[in-house]
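Letters A, B, C and D mark the chains in the order given here, with residues in each chain numbered from 1 onward.
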Amino acid sequence: MITVETFDTIAEAARAMQDRTRYFGGGTLLMRAVNYGDQSFHRMVRARDASLRTIRREGSRILIGAGVTMSQIIASPDTAFLAPVARAIGGPALRNMATVGGNLFAPHPYGDFATALLVLDCRARTADGSDMALEDLLSRRDSIRGIVAAVSVARPAGDDFRFRKVSRVKPKGVSVMSIAAWMPRTGGRLKDVRVAYGAMGSAPARVRSVEQALEGRSLDSQTVEAATRVATEGLHPPDDALASAWYRREVAPVHLRRLLFGDGRR
Amino acid sequence: MTIHKGRGFACINYPIGMNLGGDPSQALVHATPDGKFMVSLASIDLGQGMKSVTRQIAAETLGVPVEDVYVDTADSDTGPHCMGSFASRGTHRVGNAVIRAATEARKQLLDAAAEELEVNPADLETDGKGNIHVRGAPSRRISVANTAIAAQFKQGRTLSGRGIFLVPPSGVDPDTGEMTPVTCFAHAAVIVDLEVDDETGEVDVVEINSAYEVGRALNPKLVEQQLIGGAWMGVSHALYETTEPYYPARDHGPVDFNLYLMPGPAQTVPHHIAVLERPAEDAPFGGKGPGEMCANPVLPAIANAVYNAVGVRCDTLPITPEKILRGIRANGGARPQGTR
Amino acid sequence: MAKKPVRFTHNGRETAIFAESGSNLLDVLRRVVGDLSPKYGCGQGTCGTCIVLIDGEPHLSCLTLAETVEGRKVDTTGGLQNGPDLHPLQKAFMEGFSAQCGYCTPGMLMAAKALLDRNPRPTREEVVEAISGNLCRCTGYDPIVDAILDAAGQTSGRVA
Amino acid sequence: MSSIEFRKDLFADERSDNLNEIGKPTIRQDILGHVTGRTPFYDDHLFDGLLHMRCVRSPHHHARIRSIDFSAAGRMPGVVRIVEVKDVPHNLNTLLSLLNFGRDDEPLIAPQKVAYIGEPVLAIIAETERQARDAVAAVRVSWEVLPHVLDVEEALKPNAPSVNDIYPNNTFDYGPYDHQKLRFGDVERAFQQADHIVEGEYQMSPIEQAPMETCGAIAAPETNDRYVCHTSTQALFFSLSTTAKLMNMASSRLHFIGGTVGGGFGGKVDSIVEPMAVLGAVLTGRPVKFMWDREEEMQVGAPRGAERWRIKDGLTRDGRIIARSFTGFFDAGAYIRLSSYAVQKGTGHLPGPYSIPNVAANVFMVFTNRTPATAMRGFGITGVDFAIECHMDKGAEAVGMNPIDFHILNAYRDGDMKAHRRAAKNAALIECCQVTAGKAGWRIAPDHAQASSLIGGGAGERATIPETVTDQIGRIGERRRENLPTAPYAGSTARGRVAAGAAKQAVVAAPPQHEDMAVDLARFGFSKPQARATRQPHSAVPPASPSSPRPQQPAPPAPQSSSPVPPPAPPQTPASAPRAPQAAEQGQGYRPEEPFQQGIKRPGVSRFISGTRRR
């Protein structure tokens, strides 16, 4: 038996959170759990808070409400750089429901959007006003108590930001892996490079080895080869129904190279 | 990265009708007061078109327009016994039962018309447009509707028929395997063209050419539906599907359609089909069921095309990118087998 | 058992029902409203047979918390027909032999309607994208894509 | 896009195509219901006070049930009835017992032990599905986990865990043997004479039928002490009879309604959901739905079973296959369902559509601790066809032939004797090879382009049953005592012989029970072929412009639609227009909606006076 409580503000909703309670965002994860009789919660909390659905510029950054859907991301000119990522998620119906906040908590092999946010210096704001790096949140997302109200991301310039999703079913399938990279350039050299993988571990994660191989270099074939050599350093990709850990290790360098070369193929 | 083109061939035959027989199906046909016909079955339409094809079979047999026939299935109180829709038996078994039932009803229809026209029933024929007339004298005619009215309201005749079709069971000799498995076979041959990415093992099927021999295409559009959809399923079986990805280990069994893979609408393959029709003597109008066999040749043709492309024999289904990539690694690289 | 009143417009008609707490829109439409056109395929949002339009946009009704449609407009295949007249999509699916078992058809039709309502002349790629959340096990998709493109031709007055 | 052409030029002399309705692209009878969402599937029947039934399922491959504690579950809100083993009147069945094939081996609800993950041990009926799920989660089962076996060949070893108590050797019985034998000629001798030996092993994994509509049934008390059951079954009376047996109830008390199913592909034959729903309705006196969710459909619902095949071919230098032997394993999972039958269907299919003078096969149905397997599109054939056709490709490579030429060279033709000792008829494999090659522009040898299924078969060695070598290896139970090899003839030198030409009568269809049902073949599109000698081989060259029958009202769909490349010629026969269910034939004077009229109309005759009866 499930009870649902709806509040006007995210703050009230946050205060209503207790044991065996889940925050209801878009419902794509939670309603499935309800439909299948998940016994780990019996109470859902919602908020009508309009701020959850807003996208706003904040100087060089963009503030995205946790309740913003993938469809809103595609529609909004302010988040045009994230549209290709949102488009890679689900079908149109799912995108009308799936939210940015929900994607941060989507289990493997989901979380492509979080993977992209991860490289864009993303910070998550919880309802109680506290603020943490997305990377920090993802590392302990199972134990997070508060509700994420919004995320703030940097706005990349030109083609500095790249995203690649590898799935077997087209046009829509879940990730064998996804790769996001933010590669700002100053004087032809890469600076503050961030690269992240999705579906290559328990949660989306940055790939420090690749970032270091790229940092301070120009994006030439030598650099790319150096990066691909360390493409899976320190990673522990999972086996699942889509692919084995072995396969994920084997193809990660290939897809990384194709991403860095901007090769659109598959 | 290299993309290798490959071409593969396979051909098959397929046993039509439940293996070893012993699987009856029945049909009942009766006329409504004004000469429309109802076919009562307990057979199942699971999308293959049972209701539609038996409707055409009944109309053809009765000699009336298809619009005047309706197929009602499946209610165990009103539909006579049918073994079921499986083993490519629907068209063959149920179709034959419907033919026999409709033939008996037609006999009564012609008898009733003969009485009205004062001629010998043997001299009558149907025009398939709702009329019965004397052979060679189209003007001496009566409509099926008026025949039915006369039969039921004046002559006191039913226009109805019973039909059953059974291939009696065949035993199997335990020492030699001697048996009569079925009475006819459908045939198919396919050529698959595909591309293999030798860095990822990913396969793109780019074209299928095929020939399917179906005895007779009872409804060409229903046949097309089966062959197009069936070939899609063949591609899906060959490259994507399994409930046990690590068989015989049971780990990571998919529980939803995100993890149980089937090719999406952006991965459909241009499929150029030729339909051949060699009627089988004991099949309805010679027609063999095309629905079941159509996926079968696609699986090996894809495996053979993958070998032709990169020199990897993938003898284990499904042929995943991982299996191909492991094969390429084991061979020390792709080994294209030459253009066909 | 706790039930919540929900008022919404269903296929153009004002509807007020009591929804069991935590129940999804698919169950409410089928069991409470009695509109059986949306189908259960998975309850996971992975097959699209339950797709309905909410305020004109496609949604997975099996993942939609029923009470969230309060005051909104819900349209299903059950309401697609205009009086006695079939919608061009329905005609195209019929004449294109675009259904076999027919179970995915209502979801396909709703996904297609959402597309054509905002984009009357879609490209093949746009159609494929529009039904990318809908599965069909029978047809191999092409007959469905073809029918949607045909309907687009008709809706925009092309002589078919 | 795709295209379809109808090669009416081929086998034209065996057909007459002058039929009124057959061969026409008539629109489906059910399509209007499909596009309006009005087609009634089993779950589209509303019942007041419908209850929902869910199962408690095994988390183990193989385990003994020590005890089940459902006291907490029984007290939970909405719970109406706990269904235990003792509630099932006759808790043992095998699907094909209706054909008297095999022993009852599977309970509806597992009594003492479970043999696969997901096997039901208890069912709970509640007011809502969610309440049933909550109650199921509250059930506590104490398990004694047993050793399990998941690989078919491991399961054949003497020390392997016994999966199914009714078949303790992990194999189905075929006469005195633990496998189905096929013996035709003498493969051992032929292998010695062969220039090339080609061997291969092939494996397919289980495949889900994946119909969009999951399996389910709704049962409810009806009048006259009967029960109505709306079901997704592919086999109405199969499910009805199975239910009657498990419920130990006269079949006359069951009213099954179905016939409109959201895809089946073989996955809706097993008749599990119907007895469960009826049992629920009987125990509660209320309407009960038992429906699989998608997870159950995928992991508990029976898949197309896995198969493993080993093939050994003996080939001559010039590309003829003179011997072929098979060792096959059908992975049935924990219970028979239909796998026993798949083995015999697969065996009857060997050695594929080829004329091979020496064939042998040992085919096993093996129990393992996995979800039972059942039928799927291509039942018993899909897996072995994959094996055979991959192997044919290797054979062609071994003898250095173009694969299509290799297939045509070995293809069966009319009159050729098949390994199951019946002569082939109505063959058309060669023509399919030729036409496909022509469409794809794959060159084949001129003599193979001229070959015909009608010519060259049915004579000499091709038409005769050879003297056949037999063996008695693999009697039931032998394998529990000692490790026996599985390949044909392996493991013993004792041989028997069956004389050349030995064959029983072929089985043919039962004749019509009454002369009024006897068919006049002339009206059914059959025509007498010319004498074989005078027949021309078929040309593999496709006609210039393929025809694709398309709806006519309204005119053919847009260019994007699946029309041929090059674009289609207009449908060749006017008759190839599909008919909308109520479409009228223009200009034919026929009006299907012509209203009901009493009496008859004949010029000069009162409509109420009949002609005189002729006797």
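As a working rule, a residue touches a chain if its C-beta (ideal position, glycine included) is under 8 Å from a C-beta of that chain, and two chains touch if they have at least 3 such contacts.
Everything numeric here is computed off the predicted structure, so don't read it as measured data.
Trainee: Applying the document's contact definition, name the chain pair with more C-beta pairs in contact, A-C or B-C.
Mentor: Comparing A-C with B-C, the pair joined by more C-beta contacts is A-C.
Trainee: Could you work out how far the Cα centre of subunit B sits from that of subunit C, in whole Å?
Mentor: Averaging C-alpha atoms per chain gives centres 30 Å apart.
Trainee: Could you grab the centroid distance between subunit C and subunit D? Build each centroid from C-alpha atoms only and quote it in angstrom.
Mentor: 33
Trainee: Give, as an integer number of Å, the spacing between the C-alpha centres of subunit D and subunit B.
Mentor: Whole-Å distance between the two chain centres: 11.
Trainee: Send over the residues of subunit C in touch with two or more other chains.
Mentor: 1, 22, 42-44, 46-47, 97, 99-103, 128, 131-132, 135, 137-138, 142-143, 145, in rising order.
Trainee: Among the residues of subunit B, which ones contact at least 2 other chains?
Mentor: Residue numbers touching two or more other chains: 46-47, 49, 221-222, 224, 228, 230, 233, 245, 253-254, 256-258, 260, 262, 264-266.
Trainee: For subunit D, write out the residues touching at least two other chains, lowest number first.
Mentor: 1-2, 25, 28, 30, 77, 130, 210-211, 261-265, 293-295, 562, 578
Trainee: Which of line, ring, star, complete and other names the graph you get from chains that touch?
Mentor: Topology of touching chains reads as complete, every chain touching all others.
Trainee: Can you check the complex and tell me which residues of subunit B touch subunit C?
Mentor: Contacts found on subunit B: 46-49, 221-222, 224-225, 228-233, 256-258, 262, 264-266, 268.
Trainee: Using the touch rule from the top, collect the residues of subunit A that touch subunit C in their complex.
Mentor: Residue positions touching the partner: 1-4, 6, 24, 27-28, 31-32, 34-36, 44, 46, 71, 90-94, 96-97, 171-172.
Trainee: Applying the document's contact rule, which stretches of subunit C touch subunit A when the two form their complex?
Mentor: The touching residues are 1-2, 4, 21-22, 24, 43-45, 48, 51, 54, 57-60, 62-65, 67-68, 111, 114-115, 128-134.
Trainee: Enumerate the contact residues on subunit C facing subunit D in the complex.
Mentor: My answer: residues 1, 20, 22-23, 30-31, 34, 36-44, 46-47, 49, 76-78, 80-81, 86, 89-97, 99-106, 109, 124, 135-138, 142-143, 145-147, 149-150, 153, 158, 160.
Trainee: Using the touch definition up top, name the residues of subunit D that touch subunit A in the complex.
Mentor: Result: residues 77, 130-131, 133-134, 136-137, 293, 295 of subunit D touch subunit A.
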